[in-house]
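What follows is chain A paired twice: with chain B in the first complex and chain C in the second.
Moving on, here comes the complex of A and B:
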């Protein structure tokens, strides 16, 4: 149901762009207004979300330690999984952000009669996730060639490397294939693993289907409908310089692709896609495990009610004396015990 | 006590319900939930809405403005804890955590998958605090806050042991323990706690320890253990209490003073301190290392923990030594200094025996007993006869809190291997940072919760059974008071031939003391290896 809902939403977007161009001819709207609005929402939304996160303090130092702590010099410690200072935290964060270190630990539990539990090698989610993110990054960088003149060297080089497996003309980008496979894997996985399907919300299917549609329309513009890339570049350069005019003859498929991309950009800060930013602020990962070494201060700390020793002794004094335990105040003969309340 | 099915009859069903998870209705089946906090305990602890009620009742007697209390409580905590704000926003429901939870593996209940446990709270957050949730409702993953949701929170937040195993695997480090802790804080605003926790908290506040042991009884118990030591070794140890001017204040969970097999661990501490001539004292006021406040709210954790530094200051000791405990050490390592520090009236801990300075405790001034002992062994200060433990084929259970809230892996192994000749590790997926919970942590080690405890402990028990079958392991060691009690019950249920030991009990067995008589039995009074024959002759 959640899947169908998301699929319908993406199809509606495709239809909107198609009708908007073919029937209503709203070229300027789709090629100029939509990208600017999307980009504004993206920037404003992201800034808002990050500020909201940052506005809440980190009262306690709660890293998840996944390796040996810093202790004696003769015990080898694990600097990346249990960092003891900021430099080592940087190492942990680089491993998390660039290589998805935690996801790499993934295993799959299997239960057999007995009951007997097994833990199996399961790195496909890690492979799929890494493939999706890196192919997306390459594709994003490649698209810079539309927004720059002259095209920077690294963008050209990236395009060259990406298409070194020359299959037909124009060359097939490896990143396109990896991206499509990764998105399909993640989507299929979400649909066929019963537990993952059970936990999936519309907000989990929607970005995957959206990315799938972006991939399909992107590939269509490049290999099949042969959109006039020079005109696309004129448009992109114009958008970047805030002096664009809508191009005359670019295939409708391009406008569909553009609307889908704009939707993804605008949707990003208001969805789970913000995990990209959240990981940097995650207190179980970005703090050193050093709160026994250095004091961590809680900015909203406040005094609390504590039962003092004086109150304790007041309650148990007789029993304590009887048991030979030292007391601060002996029981005065004939009268109730009085504990000096004033501090020295 | 709820009826507990036999291990062979315990049904494990992973079939997912037809209904989606947003349906909040919970079946309160006996054995899967803990008794409600009694009014007198909530009152004694100073917690709100004390009243007589039971989770099995349909009317939970919530305050009339309960919704407002929850929403205000959430708002306050979102503003106070970045962790909560981030964890509410960034989950992508990848499912990596799903089969990492011992309660999910042992129960098959999908709401025990960490992702859904968090979604129980997240769905309410979306509905009240996000624009998308307010406009699109369930399409945006939002739910309405109803009494059923509160009941569901109670059921599942007291069905999580805050072990943090899922957090190790989460690509964003989302920590269900943090969500459970805050979830329980919210429930406590409505007077919804379990009695096993509230009772311990109330006791701890008034008598200084969870078990409610009064000062004279505490002293008597330790002196009884001193008698036991004399019977085993011929050596008389002389513990002191509430003594001003001692160098070290020693604090351990009260379970070590009162509950087998923790008492044998306590005997090990006493023997070690005596042999080293340590200038230390117990305190009857700060006689609890554990902190059930941690399972109630951050404020309650602070209130109970405050006694440690307060007593160290009153007695004028130089530093603190802490016994074998799990969540106590998460509290000490990650919260104590922040909550009740700075402990600038204490000195950076220095072992009076080896001269080692514990730089890693430079600020909190509290050293773990296993660190202390590892340093003694490393410096050759202990005369040990590990052959006395030769009847034990040992494995080691890493406690959740010392593992994932501290990173305490090598020190205990070093000590165990120094005092035991036969040691085998459980499979790597079940130890160290991937260790499985005993199933009874975070205040859930009560009798009425027994079925869930045995289910939650299944992954741990399975790993023990694996090494029992493969290497003939018959002993399971640990450094946690709840483990010592809970794993004993768990082993009786799943792997009956395995006995549970505290690490310092093993140290006490192996420790060759000055002036000791020939030992014929271990600290439990069982014959030492090679002494069985002489034991028989006596009969």
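Moving on, here comes the complex of A and C:
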């Protein structure tokens, strides 16, 4: 059901762009208005999200530790799984962001006949995730060729390396193939593993189906229906320069691709995709485990008025003596007072 | 609203906005006119009916397909004759047919190829074929 809902949502988007261009002819709307609105939502939404996160105090160290803490010098410790200072946290964060290290630890628990509980090495999710993220990055950077003039050297070089297999013309990009395989794998994984399917929500399926549709339409524009790249680039540069570049006839498939991409970036800050920003703000990852090395004072402790025992006795001494309670210092008596519970 | 760890948050957000708006600020003050592939070679000027193998729009989006099909036909099947939709017969050859008219590689092929950011090696015609010598 969750899957069907997401699929219907993506198909509705495709149909919107198709009818908007073919029937209503809203070219300016889909090529100018929609991208600007989507981009504004993307930037403003992301900033809002990050600021909202940053306004939550994190007074205490709550890192998830998965290795030996720093202790006696003769006990071997784990710097990345139990970082003790900011430098080690930086190392942990870099490995987490670039290599998805905590996903690498993924295991699969299964009860088999016996009954025995088995834990298995499960790396496919990690491999699929890495493949998806890095191929997406390459695809994103490659698209800069439509937004820059002259095209920077690294974008050209990236395109050259990506198509170096020289299969067909226009040459097949390796990143396109990897992206499609990874998205399909991650989607199929959600659908066929019962436990994963059970916890999958529309918010899990929708981005995957959306990315699948973006990949399909992108591949169609490049390899099958083909669009005039000069017009596409003119349109993209016009967007970047805030010049309305009277969008000419570009194939409808291009507008479908564009609307899907705009949906993705507008949806980004309000969905699970925001883990891109959230990973940097995860207190369970970005804090050193120095709870016992440094003293952490709760910054929002309410300022309670406290009274020491000496002050208390000073106030109630007469009444205490009347009631026969022991006091540390007799009235007008000389000599040092001995208070209980006070530190020297 | 109090922001904790403000210097990291602000630095991160500034970096994010800077990267995300790269297409906007990198284009400020840059003119980027549309390329004009030159069709003024002597061979084209002598033609009575200026017509390529396919129509102009088909060539614009599909010339690479046509070249790929020609290459496969010539290299693998040994065929050299191409009959266009209007019945005209062409020899399937980059150097003898295409370049007979479009002898100006730098001002014809490269004009658009560099505009859409193809690396110089990507139309890999010239790893086998010899690029024409141009008088300019």
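Definition applied: the second predicted complex is superposed on the first by the 300 of 344 C-alpha atoms of A that agree within 3 Å, B and C clash if a C-alpha of one lies under 4 Å from a C-alpha of the other, contacts with A are read in each partner's own complex, and residues count from 1 in each chain.
By our rule, contacts are C-beta pairs under 8 Å (C-beta built on N, C-alpha and C of every residue); 3 or more make two chains touch, one makes a residue touch a chain.
Since we're looking at a predicted model, the values are computed, not measured.
Chemist: Put chain B and chain C onto chain A via the superposition and say whether they clash or fit.
Modeler: Because the two structures are overlaid on the shared chain, the partners are seen to fit without clashing.
Chemist: A:69 contacts which: chain B (first), chain C (second), both, neither?
Modeler: In the superposition, A:69 contacts chain B only.
Chemist: Could you say whether A:56 touches chain B, chain C, both of them, or neither, answering first, second, both or neither?
Modeler: A:56 contacts both chain B and chain C.
Chemist: For A:196, is the partner it touches chain B (first), chain C (second), both, or none of the two (neither)?
Modeler: Touch status of A:196: first partner only.
Chemist: Does the superposition put A:235 against chain B (first), chain C (second), both, or neither?
Modeler: Once the two structures are laid over each other on A, A:235 reaches no partner at all.
Chemist: Check whether A:264 is in contact with chain B, with chain C, with both or with neither, and answer first, second, both or neither.
Modeler: neither
Chemist: So in the superposed three-chain picture, is A:256 touching just chain B, just chain C, both, or none of them (first/second/both/neither)?
Modeler: Neither chain B nor chain C is touched by A:256.
Chemist: Between chain B and chain C, pick out the one touching the greater number of residues of chain A.
Modeler: On the superposition, B touches more of the residues of chain A.
Chemist: Please indicate which partner A:10 is in contact with in the superposed arrangement: first for chain B, second for chain C, both, or neither.
Modeler: In the superposition, A:10 touches no partner, neither chain B nor chain C.
Chemist: Rounded to the nearest Å, state the minimum C-alpha distance from chain B to chain C in the superposed three-chain model.
Modeler: 10
Chemist: Return the residues of chain A at which the contacts from chain B and from chain C coincide.
Modeler: 54-58
Chemist: Hey, which residues of chain B end up touching chain A in the complex?
Modeler: 10, 12, 14, 16, 20-21, 46, 78-86, 89-96, 98-100, 105, 110, 113, 115-116, 119, 131-132, 139-141, 164, 167-175, 178, 205-206, 208, 214-216, 219-220, 241-244, 284-285, 298-299, 302-303, 306-307, 310-311, 314, 332-335, 337-339, 341-342, 356, 359-364, 366, 371, 374-375, 378, 403-411, 414, 427, 429-430, 433-434, 458-459, 462-463
Chemist: In the complex, go through chain A and note every residue touching chain C.
Modeler: Residue list for chain A touching chain C: 42-43, 46-47, 50-51, 54-58, 144-151, 155-157, 159-160, 163, 166, 168-171, 226-230, 233-234, 236-237, 239-242, 277, 280.
Chemist: In the complex of these two chains, what residues of chain A are touching chain B?
Modeler: Spelled out, the residues of chain A in touch with chain B are 5, 49, 52-62, 64-72, 74-78, 81-82, 96, 100, 102-103, 105-109, 111, 115-117, 119, 125, 129, 193-196, 198-204, 270-272, 274-275, 278-279, 281-285, 289, 291-298, 300-301, 304-309, 312-313, 315-316, 319-320, 322-326.
Chemist: Which of the residues in chain C come into contact with chain A in the complex?
Modeler: 1-6, 9, 12-13, 16-17, 20-24, 26-28, 30, 32, 34-35, 57, 60-62, 64-65, 67-68, 112, 114-124
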